[in-house]
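Below, subunit A partners subunit B and then partners subunit C, in two separate complexes.
For the complex of A and B:
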C-alpha cells in the first residue's frame, strides 16, 4: 500500500481514545498520529481538599489493573510529604504485594493479548481450542496472582489493607507458607510458557531510544529507587521534573514527555535494559532461553521482558516470604510522627491530623507498575488536607515513544497490504499495553 | 483459600464515576445482609480480563453492572449473554479495552466459568466524575436486591 489512509478507531466511551491515524503518500508517511486522552487528571482534582489518608484508596481506582501500584505510589508520596518512614516489615510486605500485581497484569497481557498476535490468530478465543493446556496454565498463574493480592491486600483488586505507615491486617505465617507453596508450584507453568515463547517469531524491528526505570544497588527495583537511564546517570525521585519533561501536543489531550532524547520508554523492557544484572536466576534463564539481551531496542520484545519479569517476581516473592517468616511478623504502631517544628507530635494514620506542622509539605512517590514508572506527587497542608497532586502514569510517558516507533515501523512494512500494515501497527501499540480509558468499563448493550 | 464455590455475585464498576459504581454499591449492600451459605458477593471493580480468575469454579455467577441499554435511568433489566449483544473493541490495543463481553466469551471458550451467567443491568443516569449515585439509580437498589434474592431462591 503506497498511498492511502489507515485509521484504527476504537469504540470506547469517550471520543478519541487510542486511535492510530496514518496518511501515506507514495510510500512515505505524510502524517501519523497516535491519539489518546489524558486519563488521570480528574483524580488529581478529586483528591484536592481530602484528607491525606483518603488518597491511596481514591487513587487505587485510577486503574483496575494497577490499583496496587497506584496505592503504593500514593502511600509513598503522602509519607514523603509527612516525613514518615515506614518500617522494614511494611516495606517488605509492599514489595511482596507489588509482585502480585506485576504477575497478574503481565500474565493477562502476555497470554491473552500478545500471544494471539504471535500465534497468528486475531484474539485469544481461538487459542482456547488450539492452545487450551497452555491457556489453562496461564489461568492458573493468574489465579495464583489473585490469591496473592487477596491475601495481602484484602481484595484481589483495590487493596484495603495498605494504609499510611503500615498494614491494617497482617498475613499469618501459615498463610505466607501456603502462598509460598503455591508460588513454587506455579514455576513449571511459567517455564512451559517460556518454552512456547522461545519458538515464536517476534518482529525484527529496532529503534534506538532512551529507557528509564527505577534502580537500586541491592535488587531489581520495583518498589522504589532512583530514576536510571540507559543513556547514563540517575536522578533522585524528588527531582523527577529535572529528568522528565512534560509537554503538550496539539492533537492529543494527553501530555507527552521526553528526557535526554526526543522520547523515552518505560515498562518491562526499560527495567530489563537498566537492571538486567539484578534479575533472579530463573528470570535470567528465561531471558537467555527467549533470546533477550540488554540493551534491547526492539519494542516488541517488551512482551518477552514481561515474561522474564514474571519469572523474577515468582522467585523473588519466595525470597521475600522467607525473609518475612525469618523476621516474624508483628503488629506495629501505625501512628505517625511529624518531624521538625517544636518536636515530635503524633497523629493516628487513619484520620486527618490537626497537629501537623504549619505550612505546606510536598512529597513524591515513585514505583514501578507493570507498564512502567508511576509518579504521585502531593502537597499537604498543616491540617493534613491535600492541596495539590500531580500523577504521571507510565502510558503518558510512553506516548511519544510509541508515536516515534510507529513512524519508524511504517516504512519497513509499507509494501504489505493495508490489513497487514494495520496489524503491524496494532501489534506495536499492544506491545506497550497502553492504559486506555481504564477507569470505567460501562457495559454497552443492544438486545437481540 | 477454600471457599464454598456455589454462587458468586459480582458487582462491577467504578464508584468514583457516579452511577457507574452501582455494581460495587450493591455488593456493599449485600454484605450487610445474611446471604445463604455458599453465596459469595465480591467487588470486581474494573478488572476486565482479571474477572476470569474471580469467576472460575463457581456454579453460578450473577453480575451486577451499570449498562447503557437505551432505557430510562434507573431501569433494571435481568438478562443473559445470549439475549444481548455487547459493543466491544474488535482487536483491543490494551487490556484496558477489554470489557465484560470479551471476558464472558473467553471464560465460556475455556470452560472455566459457569455456562450461563445472569446479568443484572441498571440503566445509569449520570456517568461522570464524582461519588454518589443519581436518585433514579439509588432508588433502584431495593429492586436490584430483590431480584438477586429471587435468583438465589431459584438456585
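For the complex of A and C:
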C-alpha cells in the first residue's frame, strides 16, 4: 500500500483509548499521529484540599493496573514532604508488593494482550482451544500475582493496607511461607513461557533512542533510586524537572517529553537497558534464552524484557520473603508528627515551590511501575492538607517515543497490505503496553 | 436458544473494574461460554453494535460522552453500571468542587483552552440505568452473581443494608471504638467490610443504602470530633455527586 490513509480508531487490547492516523503518499509518511482521545480526569487538581492521608487512596484510582505503584509513589511523595522516614520493614514489604504488581501487569500484557498477536489470533479467548497448556500456565502465573497482591494489600486492585509510615495489616509468617511456596512452584511455568517466546518471530525493527529508569547500586531498582539514562549520568529524584522536560509541539496541544534527545522511553526495556547487571540469575538466564542484550533498541523487545522482569520479580520476591522472615515482622508505631513552619524539605530547585510560603513543604516520590518511571510530587501545609500536586505518568513519557517509532516503522512495512501495516502499527503500540487511563497530563494530539 | 450478546464499554475511569473481570481467570472462560462478548476493546479486537446487555464502566466527564452513552442505551436492552465511577460518580466528582476553568488551568496551564471537561457524573445522571455493580473496585464474586442473575432474567442480588452488618459478622472491633471515623453505618454492604477488616475505615465507595439515616450519621461523626467540613470531605471521596446533585 503506497498511497492512502490508515485510521485505527481505538487500538484494541491496550488499557485506555488511543488512535493511530497515517497518511501515506508514494510510500512515504505524509502525516502520522498517535492520538489520545481518553477523557482527562484532573487528579492533580482533585487532591487539593484533601488530607495527606487520603492522597494514596485517591491517586491509586488513577490507574486500575498500576494502583499499587501509584499508592507507593504517593506515599513516598507525602512522606518526603512531611519528613517521615518509613522503617526497613515497611520499605521491604512495599518492595514485595510492588513485585506482585509487576508480575500481575506484565503477565496480563505479555500473555493476554500481546501474545495473541504473535500466535495469530484476535484475543486470548481462542488460545483456550489452540494453546490450552501454555494458557493455563499463564493463568496460574497471573493468579499467583493476584494472590500476592491480595495477601499484602488486602485486595488485588486499590490496596487497602498501605498507609503513610506503615501498614494497617501485616502478613503472618505462615502466609509469607505459603506465598514463597507458591512463587517457587510458579517458576517452571515462567520457564516454559521463556521456551515459547524463544521460538516466536519478534519483528526486527530498531530505532536508537534514550532510555530512562531508576537506578540503585545494590539492586535492580523498582521501589526507588536516582533517574539514570542510557546516554549517561543520573539525576536525583527531587531534581526530576531538570532531566525531564515537557514541551508543546507545533501541530498539537500535546505536552510531549524529552531528556537528552528528541524523545525517550521508559518501562521494562528501559530498566533492562540501564540495569541489566543487577538482574537475578533466573532473569539473566531468561534474557539470554530469548536473545535480549543491553542496549536493545527494538521496542518490540519490550515484551521480552517484561518476561525477563517477571523472572526477576519471582526470584527477588523469594529473597525478600526470606529477609522478612529472618527479621521477624512486628507491629510498628505509624503515628507521625507534622513539624510546622520550616518551609520545604525537599523542594526541587526548579519547582514552583521556590516561592512557597512558610509552613508549606514539598516532597517528590518516584518509583518504577510496570510501564516505567512514575513521579508524584505534593505540597502540604501545616495542617497536613494538600495544597498542590504534580504527577508524571510513564505512558505520557512514552507517547513521544511511540509516535517517532511509528513514523520509523511505516517505511519498513509499506510494501505490505493495509491490513498487515495496520497490524504492525498496532503491535508496536501494544509492545509499549500503554496505560492510557493514567489520564493526568495526557499528551493529546489535535488534528488540523 | 441464541446466547445473550454482551458489550463492555468504558468512560472516564481507571479501568480497574474491567480488570477485575479479567482477574476472574478460568471463571471468565465459563462465563464466556454462556454469552457472546461482541465488544470489549480492552481485551479483544472486533466490535459490534448489536448487543442485549451493555456493561458500562466510568463517569461521564465530557459533553460528547453523553451522546455516546445515549447511543449505548438505545442499543442495549439492559444497561449495567460497573463500579463506583459509573454507579455514583466516584473519585472523579472530587473535581466538581472546583470551577472547571480553574481545574483545566491548574493541570494544563496555558494549553487549557484545548481541553474540555464538565463536572463528572454517574451514568444515571444521563440515561436510565437498570442495575449497578457497586464498589471501587467491584467485587469479582458479586460481578459473577450479577451476570448469572441477568442470564436467568432475575434481579441481581445487591444488598440493601449497611457495611456495619458485615463488619459485625466478621467480629471486627468497631472503627469508631478505635478512635477513627467510618462511613460503614450508611454505606451499602456487599464488600464483606473489607476496608475495616484490614484496619482501615469504610470510605463509602459502594454508595449509600436506599434509606440512609444521613443526618443521624453526621451527628455520630460530629460526636467523634469531626468538623462539618471534615464530614463533607469524607463523603466526597466517592459520593461527592450526591451533594452537588441536591
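Criterion: the second predicted complex is superposed on the first by the 396 of 448 C-alpha atoms of A that agree within 3 Å, B and C clash if a C-alpha of one lies under 4 Å from a C-alpha of the other, contacts with A are read in each partner's own complex, and residues count from 1 in each chain.
Keep this in mind: contacts are C-beta pairs under 8 Å (C-beta built on N, C-alpha and C of every residue); 3 or more make two chains touch, one makes a residue touch a chain.
Not measured: the values here are computed from a predicted model.
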Query raised in the report: Taking the superposition as given, does A:44 touch the first partner, subunit B, the second, subunit C, both, or neither?
Result: second
Report task. Name the contact category of A:168: first (subunit B only), second (subunit C only), both, or neither. Result -> second
Report task. Examine A:158 and indicate which partner it touches, taking first as subunit B and second as subunit C; both and neither are also allowed. Result -> both
Query raised in the report: Who does A:242 touch here: subunit B (first), subunit C (second), both, or neither?
Result: neither
Report task. Tell me which partner A:147 touches in the superposition: subunit B (first), subunit C (second), both or neither. Result -> first
Query raised in the report: Once the shared chain is lined up, is A:433 touching subunit B (first), subunit C (second), both, or neither of them?
Result: first
Report task. For A:109, decide between first (touching subunit B), second (touching subunit C), both and neither. Result -> first
Report task. Using the touch definition from the top, say if A:139 reaches subunit B (first), subunit C (second), both or neither. Result -> both
Query raised in the report: Between subunit B (first) and subunit C (second), which, if any, makes contact with A:54: first, second, both or neither?
Result: second
Query raised in the report: Shared contact residues on subunit A for subunit B and subunit C?
Result: 10, 12-13, 42, 45-46, 58, 61, 63-65, 67, 108, 112-113, 122-125, 128, 139, 142-143, 146, 155-158, 437, 439-441, 444, 446
Query - Residues of subunit A that touch subunit B when the two form their complex - result: 8, 10-13, 18, 42-43, 45-46, 58, 61, 63-65, 67, 104-105, 108-109, 112-113, 122-125, 128-129, 132, 135-136, 139, 142-143, 145-147, 150-151, 155-158, 426, 429-430, 433-448
Query - subunit C - residues contacting subunit A, complex - result: 11-20, 22-23, 25-26, 29, 32, 37, 41-46, 58, 61-62, 65, 90-92, 94-95, 97-98, 102-104, 106-108, 111, 114-115, 117, 120, 136-137, 194-195, 197-200, 203, 233, 237
Report task. State the interface residues of subunit B toward subunit A in the complex, per the touch definition above. Result -> 1, 12-17, 20, 42-50, 52-54, 56, 65-69, 79, 83-89, 91-102, 105-106, 109-110, 112, 119, 121, 124, 127, 129
Report summary line: Given the complex, residues on subunit A that touch subunit C span 10, 12-17, 39-42, 44-51, 54, 57-58, 61-65, 67, 108, 112-113, 122-125, 128, 139, 142-143, 146, 154-158, 160-161, 163, 168-169, 248, 253, 255, 437, 439-441, 444, 446
